[in-house]
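Each of the next two complexes has subunit A plus one other chain: subunit B in the first, subunit C in the second.
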Partner chain A sequence: MVQVTSRPDETVEGAGPVTGPSPAPDAAGLGRARAAGFLVPSMVLILLFLVVPAAWTIYLGVTNYRLTGLAAANPEVVGLENYTRALSDERFRNSLVLTLQFVLGSAVIGQACLGFAIAYALRDRRGPLRRVVEAFILLAWILPSSVVAFLWIALLDRDAGTLNALLGMPGMAWLLDYPMLSIIIFNTWRGTAFSMMLYAAALENVPRSHLETARLAGASTGQQLRDVVFPRIRGHVLTNLLLISLWTFNDFSPFLITAGGPEQRSEILAVYVYKVALSGGELGFGAAISFIMLLINLVIALIYLRMLGRRKERA
Partner chain B sequence: MAAITLRELTKVYPNGVRALDALDLEIADGEFFALLGPSGCGKTTLLRTIAGLELSSGGSVRIGDRDVTSLPPGQRDVAMVFQDYALFPHMTVRDNIAYPLRIKKVGKADRQDKAARTADELGLSALLDRRPGQLSGGQQQRVALARAMACHPQVFLLDEPLSNLDARLRLEARTFLKRLQRELGVTTVFVTHDQAEALALADRIAVMEGGRIRQVGTPTEVFRRPANTFVAGFIGSTPMNLVPARVRGDELAVAAVRLPVPEDVRGELTDGEQVVYGVRPEYLDYSPEPASGALTGQVVVVENLGSFSLVSLDVPAEEPDAGATTSVQVVVPEGREPEPGDTGWVTPRPGRSLIYRDGELIGSTAEAAVPAPRTGVGADA
Partner chain C sequence: MSTVTPTADETRTEPSRVAVRDVLARIGRYVFLCVVLAFFALPLLWLATAPFDDTPTIAASLPQFTLDNFRALLDNPYAMTSLLNSVWLAGGTALLVVTFAALAAYALSRVRVPGRDALLYGLLLLSSIVTGTATMVPLFELAFRLNLIDSRLGVILILTGGLLPAAIFILKDFMDATPTSYEESARVFGASPLQIMRHIVVPVVRPGLATVGVWAVANVWGNFLVPFLLLRGPDKAPAAVIMYTLYTEGGQADLRLLSTFSLLYSLPVALMFVFVSSRYGFRFHGGIKR
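Moving on, here comes the complex of A and B:
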């Protein structure tokens, strides 16, 4: 490799007088050493804050490391015990199912579908209506989680909640009776902006003449979506689903509303790990679950990337 | 097959732009009809209004004996070929051609058979399983035409059909298109900004400006007798010479010479009247020797256009601009070009001169002339 890449250097030098201090063949004229110099700071940061903790997590996952007690001072390697324990743990499996519900309900169905519907409805609109709608949806997205969580608690509260006041049904405990539904709707509301913006940009790429050709053939809106719009924005749809699935899978903000309760009925994996590792102090076990989550994320990403890749082959 | 009848057709956009201004037009059954005009004249809007992609603000559109003014595009029985061809990139050529049939719920075997036969007519059989991205521009255009033909519409609408092809292919496609239209005999309306394309292809041409039609006629009529100075300046690869002139009895004072008034308009001019004298560069003869009844001036520019050259002369202007000069262009066959700086004489051929008063042709057939549009209107969609 080194030989191959350094050969142009030599030919440039040998070819004739080179003005300036940089005889490098690359586009920016940096040369390997300086190019590497530019890379070093970010590489160090990535190594320090991403690679090392990840490796450390994998290591912790095979130990019985705890926050307190004997194991905190002298953690012992326990092999795959944490993993077998997690996989046979009822609470973990419950949590996994809830997480999948959360991802499917709030990301794939909620954010992606609602985001597309809004983007499609607004696609030809200009002016105040569009700007106001976009502003409100964006606002939900850019507000800090803690603020948003407080707003939702205020909305859904049993005694003084805005929703109960609006519906005229005081005493309805939304967060206790429908905890999963509450956080799914909350996360849909919160994250739709991203899908909407991504789809709005994608729809700009659908040529008008294609839609009009379909209209002239007599195609209904559904047929236009099927035959013209979706084939055109397939890549955008998959990318969007990939991103929001991963974000939702790892999302922690539902904890701020339901804290995983009541009785672990909204305890998604991110919340479960937090409770086990930090509240329960079982860092080794938590690390193992974190690593399982990482693997699940990888699987999700691979599935989407496979679908994207197949699209490129077909095109 | 059907005629198209437009009555008082008006399109005003929400921003107040009046793209079509109470337009009346009849396009005969089986006719190859061109909408010609500069960009922003409303020709594309007119085509899209016939298609139903734009809803008119007033007036009516009839196709055959049906009033389609408020019908959606899918029910008008028209097919349109867009400038970019609008082929669906994820479908094969076969599926693209069969697409309108699929929407009309024709069975799969039937529509594939129909697509294959249509493709065969256009010489696309070998390409049926390709995707549009693997085709050349000319092939893509033929696929778009095949898709339009496959469901046998009453009317074809073509938006700038040749503008996306390179120059050599354009000539080929032009001939192909004209022959195809002849053979199919389907009423066809196409939009173009290229006057040569309109002259070459169309049975009749409507020249548009500012949302109105300035002249409708056969290519010969529009070329030989432009109804007004706008059409005169727009039609022809070299624009018509339009020189200010004044009527002096039986003669016209043009560029410091006296020319006889053309016979057909002799009775319609009054002495002393200010008019515009129009003659095409092709209908002027250049001579390096003095000639009687010739405009004379100094050669300023010589543009070589292959088998002929376009020579511009500065001739003295008539009052009230006495002392100034005005430019006259003349076509000179190859081998006889003058040099810039030479003095030359140009003689109009008899029967080819036109007289315009207030921008309108005098002695023109009355129905061809349409008054000038209000200024500041019109936009191409």
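Moving on, here comes the complex of A and C:
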């Protein structure tokens, strides 16, 4: 993160030719200068649109910057006021709790467990059933979010929705009465494909003979999973949990379904920031919340990376 | 359960108990997969039936077949332009991502850049942490300062920046997996590095380039937040944003328009997926394991 402070154009120069011992596997005779040139376009864009915004969040978060009005022209540095205000704000704390529910429910429990179960159930299957199941799960993952959001609104519709028709309980307002549960199940449906594919690839690393031996020795499915499968795919599990936790934490698609309502009962942080900063115009306060989100993302990432590192040490 | 008779209990050997459990496990597995299939297929039913129903309702039902609903698309002033806008955004971003990521990945794969792995993991981590959602305020500010508000180029550049780290990561994996011997022999015959790139490396890693291209297109095609933040007015808005306005903006939603538009908007990603999975197989390669 050294680059955070340097301006984009400076780094372009900084990434220029580096002299040193000639690298071994440079088969095409690229050379360091050209290699650095190949890196420049990517690095400039990454710097400009990932690193700079991250750094900028920190600055904006300590100002009273607003979209309109007096503070729009001359934002003042207000120190940590935004942060103290956020931490004492009931709506923010509520949003934080909802976000944790959302991540635990839909990513860790929903996507990871369901994805693993499906991958495990399909592991030595070829043929139409596997293809059909996978096709639908992948379809749920690749369709545009504003389309699937409407599909779920239609599915859960109070008066004429498919779900109420199937269950024979018309008038059940899922999105009003159970907004969090609805978006948790929605996000499980939406994102399981990734975990399923990752675990399918991981399970190919588990030697079939080991499973066979365990099975013939009378190990139950649970024992097989614990003693044979899990030790071999631990790295995959951690990587998977890291990625889906981060994605879910930052997911904006619940906005398309419930827009945070009713009465902020499904207002996860991503939706909260949008409402405060861009609808409400309080950019400074919104940036402070964004920075708290970035910190939480960082903490999630570091926890998983530590667990990965510990696994490597032991290996 | 009914397969185990009391008398079988004494004569049963270890393998037979295993066999009984296998049968139960198999039944359980089928039931589980059917439930999974129902869960994932149910919300999608409406998308398959409503566009062809002459009186579409919000519930999925067997349609009275008609193609008249597609006329609603032409009547709406923004429906078709928004799809074209999506094509521009997705195509532009995918082109930039694939080109830039391929160059960077090749350099990182073949030349020992100091701190390469740390850089790569750092960037990947950064791109997972710094997302459109957590940085929407500064992205909006940045676009404003750079005069990129209401500009398609702005959306393309911002999306490219966000997708590049993962794209480089995926492509480097493909590059690492290709043997350098082709490049070496081409070099012996006097090919320049750029010729080697074009005639040897690109054809060899084409599945990787296709994967990343498709992945980028799918990402941008469905992305709602960035165009929603940065583009004003419906004439530049991509289909993701128009779709949202169709069912949120006042009054009774026009289900003919909504259903046909959803289908048309979903079709390209679905077709692309079918193409990729039949051609290359839609699977993860070794990249994610550590």
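Throughout what follows, the second predicted complex is superposed on the first by the 287 of 315 C-alpha atoms of A that agree within 3 Å, B and C clash if a C-alpha of one lies under 4 Å from a C-alpha of the other, contacts with A are read in each partner's own complex, and residues count from 1 in each chain.
Just so it is clear, a residue touches a chain if its C-beta (ideal position, glycine included) is under 8 Å from a C-beta of that chain, and two chains touch if they have at least 3 such contacts.
All values derive from a computational prediction rather than experimental measurement.
Contacts of A:A36 after superposition on the shared chain: subunit C is touched, whereas subunit B is not.
Set against each other, subunit B and subunit C differ in how many residues of subunit A they touch, and the higher count belongs to C. By the touch criterion defined above, A:R123 reaches neither subunit B nor subunit C.
Of the two partner chains placed by superposition, subunit B and subunit C are both touched by A:R215. By the touch criterion defined above, A:R85 reaches neither subunit B nor subunit C. In the superposition on chain A, A:V148 makes contact with subunit C only, not with subunit B. Applying the stated contact rule after C-alpha superposition, one finds that A:D227 touches subunit B and leaves subunit C untouched. When both complexes are overlaid on chain A, the residue A:P207 reaches subunit B alone and has no touch with subunit C. Comparing the two interfaces of subunit A, the one with subunit B and the one with subunit C have residues 215-216, 218 in common. Contacts from subunit B toward subunit A in the complex involve residues 51-53, 72-75, 78-80, 82-86, 88-90, 99-100, 103-104, 133, 147, 151.
Those residues of subunit C lying in contact with subunit A across their complex are 14-15, 17-18, 25, 29, 32-33, 36-37, 39-47, 57-60, 96, 99-101, 103-104, 106-108, 110-114, 122-123, 125-142, 157-158, 160-162, 164-165, 168, 180-181, 183-184, 186-187, 193, 196-197, 200-201, 218, 221-225, 229, 239-241, 243-244, 247, 258, 262, 265-266, 269-270, 273, 282-286, 288-290.
Interface of subunit A with subunit C (complex): residues 1, 18, 20, 23-32, 34-36, 38-39, 41-43, 45-46, 48-54, 56-57, 60, 114, 117-118, 121-122, 129, 132-133, 136-140, 142-155, 157, 160-163, 165-166, 189, 192, 197-198, 200-202, 205, 215-216, 218, 221, 235-236, 239, 242-243, 246-247, 250-253, 256, 270, 273-274, 277-278, 283, 286-287, 290, 293-294, 297-298, 301, 305, 308, 312. Interface residues of subunit A, counted against subunit B in their complex, comprise 207, 209-210, 212-219, 223, 227-228, 231-232, 314-315.
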